[in-house]
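My structure is below; once you've seen it, I'll send some questions.
As written, the chain order gives the labels A, B, C and D, with residue 1 at the start of each chain.
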Amino acid sequence: MQKTQKAGQATKMTKEMQQCLEACLTCHNMCEQAMTDCLQKGGGQAEMQVMRAIMDCSEMTRTCADMMMRRSPMMAEMCAMCARACDMCAEACMRMPEAPHLAECADSCRRCAEMCRAMAGAAA
Amino acid sequence: MQKTQKAGQATKMTKEMQQCLEACLTCHNMCEQAMTDCLQKGGGQAEMQVMRAIMDCSEMTRTCADMMMRRSPMMAEMCAMCARACDMCAEACMRMPEAPHLAECADSCRRCAEMCRAMAGAAA
Amino acid sequence: MQKTQKAGQATKMTKEMQQCLEACLTCHNMCEQAMTDCLQKGGGQAEMQVMRAIMDCSEMTRTCADMMMRRSPMMAEMCAMCARACDMCAEACMRMPEAPHLAECADSCRRCAEMCRAMAGAAA
Amino acid sequence: MQKTQKAGQATKMTKEMQQCLEACLTCHNMCEQAMTDCLQKGGGQAEMQVMRAIMDCSEMTRTCADMMMRRSPMMAEMCAMCARACDMCAEACMRMPEAPHLAECADSCRRCAEMCRAMAGAAA
């Protein structure tokens, strides 16, 4: 299992990695905006649970993006976890699709989940 | 104003710095908990504005703590900004003191603001 | 005004959770300090790899602490991942135990890994 | 389904804000990559100081981007502080322009500083 790449040296990003990074940042941005919309609906148990899913997804996509940027050795594992956070957030957002940006947020979560899962597989 | 400390070397934390760091971490913790309580009240314009103040304070206290941990050259400036975020959060929390942890959160914000302002003055 | 535990309501932290949170914050603090020491040794491939392990551990402990503070549903999964980051960091730090804080950092990593693994098991 | 702007509702991003957000994310990405290069050069006092400037800039651009995403009331103040972090980082990176990505990083810092300063003025 020879490693030709020099340890620690910043490798060039593959196209897949670049796309995954962009999907994470887009999803993170959508989550931050969706929080505001969720807050406005807010109050009930349902909104609470959606809000929690968005908060986790927002933090996971941000952390995942950072780890890709610095080519962390834990990148694949983080991508897999990020994909799960995105799945849960997409599912939660679809429970209140009438709120302004939640359907949009769900879309970006699904795309990000797909990219992260591919990245997790490729990097593993 | 001679500097004997070698550039870049991790200086020992003063007692004041240690207390300020702890105040930031406590305040950050309280903010994260207060968010949940605020969400449960949630829905109206008032709750939205409190939530925004808590989110900012949570992020500022976390970032400020990190910068103290690594003795960032921007530490004093960050402490000053963090103190302002704490002031705003304390003021916002007191607008709904009936919510479970908001009065407690306001207390930790006030203490953190005080510590940060002292640190900002000392380090400047 | 009796309070029964409602979904989404901030649950009181168990003693184990409180200890795990503190271990994460201590470890995060040690990592931020260890980075400085590692930088001073720096330059070679070895230092690079230690630095990367510390950066990951620092980010994972910070994120894990935040997720505990807000009782995230992904907390158990994050604790498990955090434990692995701590393992890797402890192992990396022991490769250059002569650097000022790296042995200390390794100690706090080991303790944090243990706490996180217990929390991951308990919360799962 | 007419929407009038309500307090707290996510306002549409202006073109300037969108550009500033993108400049922050680009700069953050460059900083994360520059850290690796700086580490490889690493070891001396000079590298230490460059590394510290990059770490601060990386954190400030990330935090600033997040605050724009959620239209924080402290956005203008954060943009002003971020601009100063970018200035310092650009200046630090130019002290070792022979390292692979540091000149590039300085470029993205300068652009980000300019955008942030404009945003700080506009939002103030």
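One rule holds for everything that comes next: a contact is a pair of C-beta atoms (placed from the backbone, for glycine too) under 8 Å apart; a residue touches a chain by one contact, two chains touch by 3 or more.
The UniProt protein names, listed by chain, are A, B, C, D = Four-helix bundle copper-binding protein.
Please read all numbers here as calculations on a predicted model, not as lab measurements.
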If you tally the C-beta contacts, which comes out ahead, B-D or A-B? B-D
If you line up contacts by residue number, which pair in B-C, A-B or A-D shares over half of them with C-D? Let me know. A-B
Centroid distance [mean C-alpha coordinates] between chain D and chain B, Å: 21
Whole-Å gap between the CA centroids of chain A and chain B: 27
Where chain A touches two or more other chains at once, the residues are 8, 36, 39-40, 48, 66, 70
Chain A-touching residues of chain D, taken from the complex the two chains share: 6, 8-10, 21, 25, 28-29, 32-33, 35-37, 39-40, 62, 66, 69-71, 100-101
Which of the residues in chain C come into contact with chain D in the complex? 36, 39-43, 47-48, 51
Chain D residues touching chain B in their complex are 6-8, 45, 48-49, 52-53, 55-56, 59-60, 63, 66-67, 70, 72-74, 77-78, 81, 84-85, 88
